[in-house]
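First chain A sits with chain B, and in the next complex the same chain sits with chain C.
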Partner chain A sequence: MRNLDYLEPESLDEALRMLADYGDEAAVFAGGTALLLAMRQRMLAPGIVVALGGLSALRGIGYTPEAGLRIGALSRHSEIARADIVREHYPVLAKVAAGLANPQVRNQGTIGGNLCYGDPATDPPSVLVALDAELEIAGRSGTRRVAMADFLVDYFTTALEPGEILTAIHLPPVTPGRVGHYKRHLRTPAEHRPVANVALTLTERGGLWDDVRLVIGAATPVAQSMARAAAALTGQAITLDLAAEAARIAAEDLTPVSDARGSAAFRRQVVRATVRRIVAEAAGLDWSEAAA
Partner chain B sequence: MSHHWISLTLNGETIEAEVPANRLLSDFLRDQLALTGTKRGCETGVCGACSILIDGEVSKSCLSLAVQAHGKTITTVEGLAQGQALHVLQAAFMEHGGLQCGYCTPGFLIAAADLLSRNTSPDDAEIRKALSGNICRCTGYQGIVDAVRAAAENLNGT
Partner chain C sequence: METSAIGQARPQINAREKVLGRARYAGDLKLAGMLHARLLRAPHAHARIVSVDTSAARALAGVRAVATGADVPDRRWGVGHKQQHVLARGVVRFVGEEVAAVVAETPEIAEEALDLIRVEYEELAPLLDPALSLDPGVPQVHEGGNLSEEINIDRGDVDAAFAGADLIHEETYTTHSQYPGYMEPMATLAEVDGAGRLNVWTSTQSVFLARQRLAEALDRPISSIRVIQPTVGGGFGGKIIEERSSVIAAFLATLVDRPVRLGLSRLDDILSGCFSVPATIRLKMGMTRDGTIVAKEVDILADCGAYAGLAGEVMTVTAMRSDNMQRIRNIRTRARLVYTHTMPRGAFRGFGGAQMSFALNSHMATMAEMLGLDVIELHRKNAIGPGETSVHDWKIGSCELPACLDQVSEAIGWGEKRSRAKAGGVLRRGVGMAAAMHVSGNRTIGNWDGSTILLKVNEDGRAVVHTGESDMGQGAFTMLAQICAETLGIPVAHVTVAAPDTDNSPYCIGTLASRVTINGGMAMVKAAEEARATILAAAAAKLGCDAEDLALVDGVIRSADGAHTAPLAEICRYHIYRHGGEGIYVKGSHDPQTVRFDGDFRGNIAPAYSFAAQAVEVEVDTETGQVRLVETYLSDDCGVAINPLAVHGQSNGAAVQALGWTLYEELHFEGGRVINGNLADYTMATADAVPMMHSMIVEGYEPNGPLGAKGASETAILPGAAAIANAVYDAIGVRITDLPITPEKILAGLAELEEASLA
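Take a look at the complex of A and B:
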């Protein structure tokens, strides 16, 4: 790894000033789990890293019924997984955090680093889009909020401008009847990263689904909302046939990545199977006996 | 390059050291402190051979800089035994064939120690999940899971 200056700002202002002063030479450093790999593989070569560890403004997880959930960007996956307020109000997010990567990476990697790196082969983006998350971003001229769906721009590209720092993730307050589901597909059980994942949120009203969000991650360059498939599931009695139909539409609308871990055709099939299963399970149906 | 004085509690002792900013925690432990129980395997966060406890939580020392250890409490595999008395996990790995070449063993012992500190009677699924960040190329895992289960039973006196 090349020579490095490791800076430890004590406030957000100081960190933003350092990023402004050093420009392209500097990179933000949170847990380091993604950045150190990229540096050792010489994909990134910052001469300076600005370590966020001392910024208390980026820590903590809090919930109020008016504002909803705020997750500090420095929260590690394991902290999100075991936070009582996350488990109580957004159990699907706690489940995602508890199941991604492996125990060590969950103890070391932060949610902020996960999102800012923009690696498609990850779990949180799709579920955060399905939960209508907003990201709080600080720059020298103040703070702005960006919808999670707009934050994800392309493969390893986010809406962060140079010198900006992600400070927190916000989720809207929970509403009655709103539930979330999540499924990830691994190529082999020993592989940590998903080749595809599906997040589903909906509000149950009189046995029918309303306000449905179906979002695909990891199989696509950025998490992709499946509006047509979601519309097909809205206001209809969910049957295995309807689950299969929604899955067919989602697979058709998918913009898959194709790489060493899975071809576009393979990912399309995985998404189709996973959507069918998650919809069936969310409706309490047993898909295992039925033909696809 | 910046250099940093770090102070940490390592296997129960307070130590201070000077480290260059780009030194990995795994290299600091092995090359600077000669604690070679912690292994370097993949050095990409996959195999778990470099696992240590940081503030009681299992972590991969190849995914961390030494300077990040400042102010932390670290346990490496060298810190598990009490003098000549093996840790209950170490004894169980020997008894149940939890190792062959032994290269992955320090990492598995540390991941298992983290599990048993949070959950004194894990079932097999919980054991497998807790060890899912560690790879062994020899044993086929059954002996490892048997050893962790036996260690838990031993601790519980069952």
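Take a look at the complex of A and C:
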């Protein structure tokens, strides 16, 4: 690793100014779990590192009935997993944070770093899309809000403009009856990163599902919403057959990535299995008896 | 002593310093004025080095030396084949080969200087696929062709035996290369001292083999080199004599007048490659209806990568070791070792045994099914027994293989699980087993396999053991301390084992071939017995009685009738005073009654042989292809377990390593370049990826071993892969013959079954 300057701004303004001053040469440093690996493997070689640790504006997790949940970008995965507010209002998000990676990464990595790096082989993006999250982004000219689905542009590419800092993640106030489910699949038990994951949110009305969102992560360059599969599940009695049908549709509509962790065909197969399972489990059905 | 020092589960004597962070590894060591080295590696699998321009690197402030192949000794080093220069000269033969090295004031400067070295390569066509290596017209890795070694073994009358067989089965199995994955990447500190001697602290399994290799590679007298072993964080075969970084570090120390440390990062350690030998094995076996193996034909193609190293020896083990486990007389084997333009492969825990164990045990399970027999019965039927001589003239001493089979089958509930109805669901379970044998010792490095212990008993009655055998984490020092304590009659806590040091330790081969407990342990028994005799003779003189009447127990000398007694310390001091100041300083040497292979690979190479069996249950996810190990029971026949805790640790660790090889780990190459050379993408098992590991010990008694013991640990890595593959077959009817067992292969196998059932 090269010599580099390590800057510790004390306010968001100061941090933004530094990023403006140094341009391409600077990189933002949150928990460092992704950045340092990239530097060690020489994929990134910043001359200046702007550490966000001192920015209190990026910390904290809070909930109000009017504004919903706000998670500061510097929140570590383990903080999100443990936060009572998250567990009460968005238990599925707490579950995602508690189950990703390994204890070391959860205790050091931040949600902001996770999202800004744009690595597809991660957990939070799909569930955040399914929960209608919005990202709060600060730049020299002010703050903007971007829907999670729009933030994810492509493989390792986000809507973050040069010099911008992600400050918080917002989730809307909880609607009664709305529930979330999440399932990740590891290629082998020794992997830490998912090869595919599925987030499912829905509102139950009279035993039927409404407002269904089905989002695939990790198997795709960016989290992909499965509208056709979600539609198939809307307003219908959920049976194993229907779960299998929705899974088939999702697999068909998938835009899979293909890499060393899994070929496109393999990703499709895993997505199909995982969708069927999450739908069945959400409906209290046992999927293990019969295959899709 | 209240309890014997033997057979008690006790923590390693060096565990405390490790968990406290006080143990010193080579990478922790610092000497005044120490410099740091970094290596430049080849980006091509095969290329001619046209020119190397180091001027900019040399000009960088803080750089002390830059070396290339032009600077290193002309003499080539190697195990059997002398093929390597300290740094690549003229040609690079694999991605990652060391082309240049920088020594600088700081690691950062050294790293920066690497970027300033300009190497011009002329890329040449590489040979990457071992299956093509012997075809005409393919690129040559070395002059003289791509065939490194060939072995042919012919026993009995194979053709006649096949003609008389009721069942013949033939299959080809492929195995892949595994990274030893020790916790401590290679690290070396080297200096030339004021007297001109080269002192080297390095992470090694053998200080004396390290010294010999340095003498050869640096072309200097053996005695001008001193190798000292710091704490070693695992070796698994990778730190015997094939790794290259210690050689480079020692060479760099000769270029500057300051100490040089070279510690590899994990990425560097993987690139510098001490991976196991991948082999393709065609196996044909004939049996009679009752399951007796009558004939075997084997054809092996093994890939040693760019340099042969120990791979030839490894292949020999693949070719013939498992033959000795069974009562078989008719065998025809051909094994060929070939070069490719890939990282060198070589020694790895099990030393080639795991490759053939996968093939043999997969084959046994398949043939058992064809004959309608239980595979455990098939193993039992063919198992060699104590007192027998095998087809290659190995003399089997203790052998508890049948007891190992009983133990694992009972523990897992074999009969019940095998006979349960096959469920049709998404998640399907199956059980599988495998059995294996390994050597304890091996007369292969010259015509000896001996070990020597120097034992000092100090004036306070406590002992210091000097040995050249190394403890790389497996527990050798604790074993020696236990045997010393037991034989001498003092508490284990009163024994210190000194770190191996070529200037001060007796000459020893080092830790390989599961030889240290059996041979080092025997030397320890002899040394301790001699020390005790010396002590009792001195005591008899002092106390005025017969030495035969005296015993030394728990640090106290006592006559049988209790009339005479003296603390050991008093007698040790007495000995010093009465012998002109000579303390109690004895040596014990032991060379087992074994022979080297003759030209036809016959001969009893080891004083004892260890056996193991393993039974596992897996769950296969038929939709995602994921295989999960549910349960594993491994039974090791290691003779008397001197330290059951250490045996369990070794067995469980071996079973996990086998699990990783079978299901989790896989190197991915792109044009000869490893593309997943980091531990995030080359996924070794972590604690959450293994089930509860059950290790069991069948205690036999090995007459040739110290206090009845023989080797443990390597045997335990051998059965895992086949046990898992057999369990997968039991679960879903898909027979995987090429490792690793990936989700894709499972899904493809299931799809094929379905197609066949529809056809």
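We adopt the following convention: the second predicted complex is superposed on the first by the 292 of 292 C-alpha atoms of A that agree within 3 Å, B and C clash if a C-alpha of one lies under 4 Å from a C-alpha of the other, contacts with A are read in each partner's own complex, and residues count from 1 in each chain.
Note that contacts are C-beta pairs under 8 Å (C-beta built on N, C-alpha and C of every residue); 3 or more make two chains touch, one makes a residue touch a chain.
Please read these numbers as outputs of a predicted model, since none were measured by experiment.
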Please work out whether A:Ala231 is in contact with chain B alone, chain C alone, both, or neither, and reply first, second, both or neither. neither
A:Asp5 contacts which: chain B (first), chain C (second), both, neither? first
Touching A:Ala260, do we find chain B (first), chain C (second), both, or neither? second
I'd like to know which partner A:Gly32 touches here: chain B for first, chain C for second, both or neither. first
Touch check for A:Gly53: first (chain B), second (chain C), both, or neither? first
Should A:His192 be classified as contacting the first partner (chain B), the second (chain C), both, or neither? both
Who touches more of chain A, chain B or chain C? C
First (chain B), second (chain C), both or neither touched by A:Gln104: first
Could you look at A:Val179 and tell me whether it touches chain B, chain C, both or neither (first, second, both, neither)? neither
Just chain B (first), just chain C (second), both, or neither: which does A:Arg40 touch? both
Which residues of chain A are in contact with chain B in one complex and with chain C in the other? 1-3, 37, 40, 102, 190, 192
Name, in rising order, each residue of chain A that touches chain B in their complex. 1-7, 31-33, 36-37, 40, 49, 51, 53, 78, 101-105, 107-108, 190, 192
Counting only contacts in the complex, chain A reaches chain C at residues 1-3, 37, 40-41, 102, 185-193, 260-263, 266, 269-270, 272-274, 276, 287-292
Show which residues of chain B lie in contact with chain A when the two form their complex. 1-2, 4, 20-22, 24, 43-46, 48, 51, 54, 57-60, 63-65, 67-68, 111, 114, 129-130, 132-133, 135
Footprint of chain A on chain C - complex, ascending: 108, 111-112, 265, 267, 424-427, 621-629, 660, 663-665, 668, 675-676, 678, 680-681, 683-686, 688-689, 743-744, 747
